[in-house]
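My questions will all concern the structure given below.
Chain lettering (A, B and C) follows the sequence in which the chains are written, and residue indices restart at 1 in each chain.
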Amino acid sequence: MPDNHDYRKALHNDIDELRVEVVRLAAMVGDVIVRATEALLSYDMDAAAELIMHDDEVDALSIDIEERCFKLLALQQPMASDLRAIVASMKINADIERSGDLMVNVAKGARRMYGVQLPPRLRGLIQQMSDEADRLLRLAVDAFSDRNGPLGAALNDIDDRLDLLQAEFVQAIFEAHAAGDIDLQAAVQLAVICRYYERVGDHAVNIGERVRFMTDGRLPEHEGAARVKARQAMAASAERFGVDNGDPGEAPDSP
Amino acid sequence: MFSTLGERPELDDARSVLVRTISPRRAWTDRLATIAMWVAVLVAVVPLAFIIGYVTKQAVTHLSWSMLTKPIPATRRSGPGIGPAIVGTVVITLTATVMAVPLGIMAAIYLNEYGRETRTASIIRFFANVMAGVPSIVMGLFVYTIWVLRFKSQTGFAGALALACLMLPIVIRSTEEMLRLVPNALREASLALGASQSRTVITVVLPTAVPGITSGALLAVARAAGETAPLLFTIGLTQSTNWNPFKGTNVALSQLIFANAAAPFEGARQRSWVAAFTLIALVLVLTIVARLVTSRIAKR
Amino acid sequence: MSRDQEVMDVTEKVLNPENMAHSQIPTTVHAPADGSVPDEAVVLDTDRMNVYYGSFRAVRDVTLRVAENRITAMIGPSGCGKSTVLRCFNRMNDLIDGARVEGGVHYRNVDLYGSGVDPVEVRRRIGMVFQKPNPFPKSIYDNVAFGPKLTKLTKRTARSELDGVVESSLRKAALWDEVKDRLGSSALGLSGGQQQRLCIARAVACDPDVLLMDEPCSALDPIATGRIEDLMQEIKAEYTIVIVTHNMQQAARVSDCTAFFTVEVTGERDTRTGLLVEVDETTKIFSNPSDERTENYVTGRFG
């Protein structure tokens, strides 16, 4: 290469800024996870109300990020890794924003759970799920900011622990209900709440997949798409094969 | 938004920077240069106008149909007649043109389209340049030696030969210049459409260059028509009209002017003036005709 | 239709899945992702081609295949030899003194530089459109009729047949409606974009198999450029097109396949030699190129 000058400095600076904003959004949502769990476990209705209000700020930042992406796509005609970084940022932005919404649902759940005395085991499991969801989001965003494709791909496996915790929590709800520690209403509420944490983990896995797409252009879905294509190609050739052989009227009779 | 205060204060008052009276020095330089150019134009044009004006003034009183058509009387006689010289000039120049122009154009095509920078082309180009610098009387002597002396006859054709030698380098050089002006893009376009090189030259290059080539050739013709020196030894002299360039001596306007202007007879001088005027008119007509033809071709 | 009505229609569709059969996502069939094409579809190919100007090697080791009825774009920084390679395909490099091609350049399995190959015949089958519009200083009609008049066949054919060729060529170049009333007037009176479309019509009139385009839009404004790009899409069903362009967005917009060239500086004397880095589906080149040099070029990290 004759020189290594960057001829699209403005674009690359904007993409760097975009990356910083996405990380900032993730930090905000990570904070929301911790505070929502705290509000739930400490029956702090003020904190819950504050979190619900706080979601507007998360939304504002998320919209800002989306507009930045849109602007870059419209004006800069990014290509290759730049293009993938922007498209990935858009997707990741949506995943993070959705995670924030889920934690708002936890805060709303905290209101509905007000006055319900939680058995220690359930409390412990909620705290563990919260920590795990927080960790997964953090790992996903680390992978994004470091452009660490392998870490992004690994998140699917790391998420198994949160899934196991959720299964354990559901089991614990049944047991607590059977023991008469919580009523049916509270049990259903708790089942819904644990689902929120589990969904945050799924979003983190999605983020990881997008990080992988950003670094090497591949998505796990590509394999599924390839299978569909292969099936279609086989079906098409089988059809052609069938037509060629399955029309005896055209084929000359051999003696 | 873009405050210039502090950093570039002069921009805050753009008016004071942009609107300024032109300095007296600059105004004077401008005026002087303008005057100098007008003077140069006058110096160039005035003698020209003077020549044409004086010749016309001298000739117009003697101009008549019989003057233009009658045979030339003896030098010391007065009375009309330069007809044979007009015929001679037309015949000789035409013959020379027929020889020199096609040959010169073909040579130029070879030089610019085929030879380009090869050794042969460079040598030809060098000799064409040398030929352009040879004095015209040498051309006359040359033809006298190799043609007149060998065939023991002075003819219009011998004069045409000498004029052709004179015209050839002019035609070659002007044509080559004109061919060089044809954009290479046109050649490429033609070749890229699957035209051979000869086809490209004939259908694209030459038609594009034709106005320039015509005026170049015309310049050579006008130059040849006014030449005296090459004809002195080659065409002889006659007082009667001779349409045949290959047989018998001939006479040209320039030669008539040369022979008669120095004669101490009023009649001869009058014929000289008319001959000079006719020559100028001939060249002028030739120029106008060629311009018309050229513009007609260019429009097509 | 009002917006509310539209929303209701969509809602109904979603609620009644049997209505949705027609709105299924179409599945596109791509050629193999490695850029290879079946042998019978290869129109032009080079095999480790080197181009020299005198002793200077301008391009080295180019191995490239151009598929039939597709638009292949060649991109790369200045001096990377993309135009040089393009000009090898119709032997326009012959016109440059000292130009020499080594290695294979084939057109439908015929060696273009083989003995006995007539460059004039090559150029009739492989037409070219240049960077600057270069119509002949003749009438519009004569420009388009230039090629057909060259072939011996049409020399004897009637004027009406030539008229037909001129009209269909101008129609293909989307110029007919603009010039049909002034076919006899000079081509130089047309605008830049029209002139370039005239040049395309002129090339198309020879009925070539391949159309080479050397930065055909670099002298045109965006609207004229857009028309030419549209035109390329329309005529690609009939011709194989190879286009050299400085404009990456243009390559991305118009081409099916993209070849990226770069320059390498070798030796103490700063010899700049062009080489082919990567050739692949255009989508791949601009979204996820395999070679780091391509990546750096398309993202502007190297000019």
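Of note:
Keep in mind that, in the parts below, a contact is a pair of C-beta atoms (placed from the backbone, for glycine too) under 8 Å apart; a residue touches a chain by one contact, two chains touch by 3 or more.
Treat the numbers as computed from the prediction; the structure is a model and nothing was measured.
The chains that touch chain B as well as chain C do not exist here; no chain meets both.
Of all chains, the one whose Cα centroid sits at the greatest distance from that of chain A is B.
Between the Cα centres of chain B and chain C there is a gap of 48 Å. We define each chain's centre as the mean of its Cα atoms; on that basis chain A and chain B are separated by 87 Å. Our note on geometry: chain A versus chain C, Cα centroid distance of 43 Å, whole angstroms. Considering their complex, residues 1-8, 11-12, 77-84, 216-217, 228-229, 232 of chain A touch chain C. Residues 27, 248-249, 252, 262-263, 265, 286-289, 293-296, 298-303 of chain C touch chain A in their complex. Chain B makes touch with chain C in their complex at residues 116-117, 183, 185-196, 199, 203-204, 207-208. Interface of chain C with chain B (complex): residues 90, 92, 95, 97, 120-121, 123-125, 127-128, 130, 132, 134-138, 146-147, 150-151, 199, 202-203, 206.
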